[in-house]
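Quick one: this structure, given as structure tokens, is what I'll be asking you about.
A, B, C, D, E and F are the chain letters, set down in written order, and residue numbers restart from 1 in every chain.
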Amino acid sequence: MKTAIFPGTFDPFTIGHDSIVRRGLSFLDEIIIAIGVNDSKRTYFSSQSRLKMIEELYKDEPRVKVEAYDSLTICFAQQKGASLILRGIRTVNDFEYEKTIADMNRKISGIETILLFTEPEYACISSSAVRDLLKYNKDVVPFLPKGIVLFTEK
Amino acid sequence: MKTAIFPGTFDPFTIGHDSIVRRGLSFLDEIIIAIGVNDSKRTYFSSQSRLKMIEELYKDEPRVKVEAYDSLTICFAQQKGASLILRGIRTVNDFEYEKTIADMNRKISGIETILLFTEPEYACISSSAVRDLLKYNKDVVPFLPKGIVLFTEK
Amino acid sequence: MKTAIFPGTFDPFTIGHDSIVRRGLSFLDEIIIAIGVNDSKRTYFSSQSRLKMIEELYKDEPRVKVEAYDSLTICFAQQKGASLILRGIRTVNDFEYEKTIADMNRKISGIETILLFTEPEYACISSSAVRDLLKYNKDVVPFLPKGIVLFTEK
Amino acid sequence: MKTAIFPGTFDPFTIGHDSIVRRGLSFLDEIIIAIGVNDSKRTYFSSQSRLKMIEELYKDEPRVKVEAYDSLTICFAQQKGASLILRGIRTVNDFEYEKTIADMNRKISGIETILLFTEPEYACISSSAVRDLLKYNKDVVPFLPKGIVLFTEK
Amino acid sequence: MKTAIFPGTFDPFTIGHDSIVRRGLSFLDEIIIAIGVNDSKRTYFSSQSRLKMIEELYKDEPRVKVEAYDSLTICFAQQKGASLILRGIRTVNDFEYEKTIADMNRKISGIETILLFTEPEYACISSSAVRDLLKYNKDVVPFLPKGIVLFTEK
Amino acid sequence: MKTAIFPGTFDPFTIGHDSIVRRGLSFLDEIIIAIGVNDSKRTYFSSQSRLKMIEELYKDEPRVKVEAYDSLTICFAQQKGASLILRGIRTVNDFEYEKTIADMNRKISGIETILLFTEPEYACISSSAVRDLLKYNKDVVPFLPKGIVLFTEK
């Protein structure tokens, strides 16, 4: 069985992330969405909220699992029996960032990173852009996966 | 069954190409190495030589097939029942070149392109660099897959 | 009056080119589409065909003029009394290519180059991709401006 | 009337910023220099100082207005009746950063972003480089617009 | 005598840094490893630890000196009588970052920056990646110069 | 003695090439300008003309030698006893091109490539841009080294 983890902060999970997961399912058997939790980094949505929102989104897709983790990505992958990491790349900057990490991960653990190009119409969408819009009470619905419910603990 | 085509000119097939194929087999069921044949483009090795050399290289790997084609890559893929294209990327230049083609291919045919980063130690190796070395009678063995036999029709 | 030339080979004129022209009209008074003619460079469509197709496309838009030229772009601009060049950029590669030319043009002639980002959904469309599709008798309508009639002299 | 806003932090306003504004005036009727104010981000010069310095610089140029704003850039533009954003790009990194934002802004509001290449001799000049020089009491005059008076509230 | 400074934070000094220094010695007479000290920036290793570790590493190489500095790099260079700065570049991002600084340094002081490409097998190694591994108690020995002793003041 | 070769086609030698050579002399003992001769590639200036023009330019600089070569660059370097190659880089595209070649050269021969950033004001100048200007009888003097005499065999 080909299992890949799809790691990220997902603060929040966007329509771009969703697209990578759904396209990844066309050649992978299982994808574990791995929500990075880092206590020293403040997020807009708590890790609980992020977990709940993404789980809810994929509740009818048994091939997608959602977990939070607080360790090196490759250690989490190994612990889950996954030998693949899935990532989307939008820009040259992403390309170089991902390359450095992927080369390091392969060297240390043998884990492969598989890349998909983000679809052009989603390339300008990032979690930070969504957060900016939220701060100014703008509509973010076009930038989120269909059916996701933003869930903020207050 | 997950089948991907791995298209290229492979003039000649390098250790970098071989590495992408072998790493691709870790998550794909079958890879068809698709040798692009273009009569208006002169190559160092004939398409027959390239086909023979690559077939020989993978003769003990039943999951790898080798074929020549002279059409749009996506048409060849569809004809073979493959819904995936596998590509290695070395540089930012590769990234942009592949992205443009992959976006076009997805738009026209729905075929996905999956990318792997070329391993850093192979990133400087290209078919054209190998051909340059051959022209000056330099040793190219370190840049070719172990066991490949260069075969030139004369 | 703010007149810009929009130079290119336009072999053929794509939906991406059309989009740059229409967006350029939002801040320019007049755009001269300047079709580069270079006798030593073979094109798929003759310069006459390209001229006719683009003229036809903008026949109801008096602010767009279409001309062929065979000289340095800045000389053609000066001859037309235009002090601006309009260009679309899709990729990092485009960015560097345009930058080198724009810096040179500004240095020699004082002519400014104004850039627009190509809309993401058109970024994978290029004249050469369209020509490739034409060669294999594929549908190119989605990549051409609405209403353009491909006109090939035979 | 073609009005563009030229948004930035301008901490401080450099000779590079000034060059973009003056070149922009060659094809725009009015430019509003829009000083981004963000209370959670510490700046070297206060927003009042930045406003005063830039206003003073353009006091004889009626086509340039200077304002501070604390909202989304596109909202500020709409409020001012401007349908254009003017930006200079120096590097590939700038290119990708601006592209992401410009694509998002066009999608949300229809506002166009017009780009000029920074002149090569100013490309290494940034507000942060100027601040570094100021910290070490180095001469920054060559990096600032002719005639600007640095104004620090203490 | 050709003396270059090799400035950096070196938190910690990696096998990649060591490689640049040793390759630089093939065309330079003396290299001063210049450890940037910036009190407002927290580091994993104290400046004393970094100084001690690097000095120890090069104790048998009289052409390498190690010093800490807290000023503009060009001022430190001038103070040491060095007219050259040595830097390794790994990525496009490095390229643009170094270019901006090098152009500025040349303009202000006439000091030249000489670049070497980082060897591909070290390109994914960065001090920050090493620190991440240290935080999770992973083996970092393959990423450090042979013989270096990590020295943490506690 | 530190000898570097500075290889190129130099069709023609520009003010940018000259600047790299002069800056290189600040840390090298000798530079051999190595004019690549490739009979299958048509050039604007013959190899004899290029040799003569560059020799003339440096006739008073004993540390600069000029030679034509028709072999692999590293072989020419070894034959001359040079263990260094000097190159200028202007753009990201140059960076990647040079990196690939430099990594290959280091791997095969141990020869190091030393890079300098082209000065920003010369970055838009290329031999091909100069040739374009020559074709249209434009003034190219500002783009050539002071005192060079263009010499065309007819």
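One rule holds in what follows: a contact is a pair of C-beta atoms (placed from the backbone, for glycine too) under 8 Å apart; a residue touches a chain by one contact, two chains touch by 3 or more.
What you see is a predicted model, and the numbers here were worked out from it, not measured in a lab.
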Chain-contact steps, minimal, separating chain F from chain A: 2
Proportion of interface numbers common to chain D and chain E (over half same, under half different): different
Repeat of interface B-C, chosen from D-E, E-F or D-F - more than half of residue-number contact pairs shared: D-E
Comparison of B-F and D-F by number of C-beta pairs in contact, larger one: B-F
Intercentroid distance (Cα basis), chain D paired with chain A, Å: 34
For chain A paired with chain B, centre-to-centre distance based on mean C-alpha positions, whole Å: 30
Centre-of-Cα separation between chain C and chain A, whole angstrom: 39
Touching two or more other chains - residues of chain C: 92-93, 96, 99, 103, 120, 123-124
Chains grouped in pairs wherever the two touch, ordered by label: A-B, A-C, A-D, A-E, B-C, B-E, B-F, C-D, C-F, D-E, D-F, E-F
Chain D to chain E touching residues, read off their complex: 90-93, 123-126, 129, 132-133, 136, 138, 142
Chain F - residues contacting chain D, complex: 92, 120-121, 123-124
Residue ranges of chain D touching chain A (in the complex, touch as defined): 71-72, 75, 92-93, 96, 99-101, 103-104, 107-108
Chain E residues touching chain F - in the complex, by the definition given at the top: 2, 4, 23, 26-28, 83-84, 89, 92, 95-96, 98-99, 102-103, 106, 112-117, 119-120
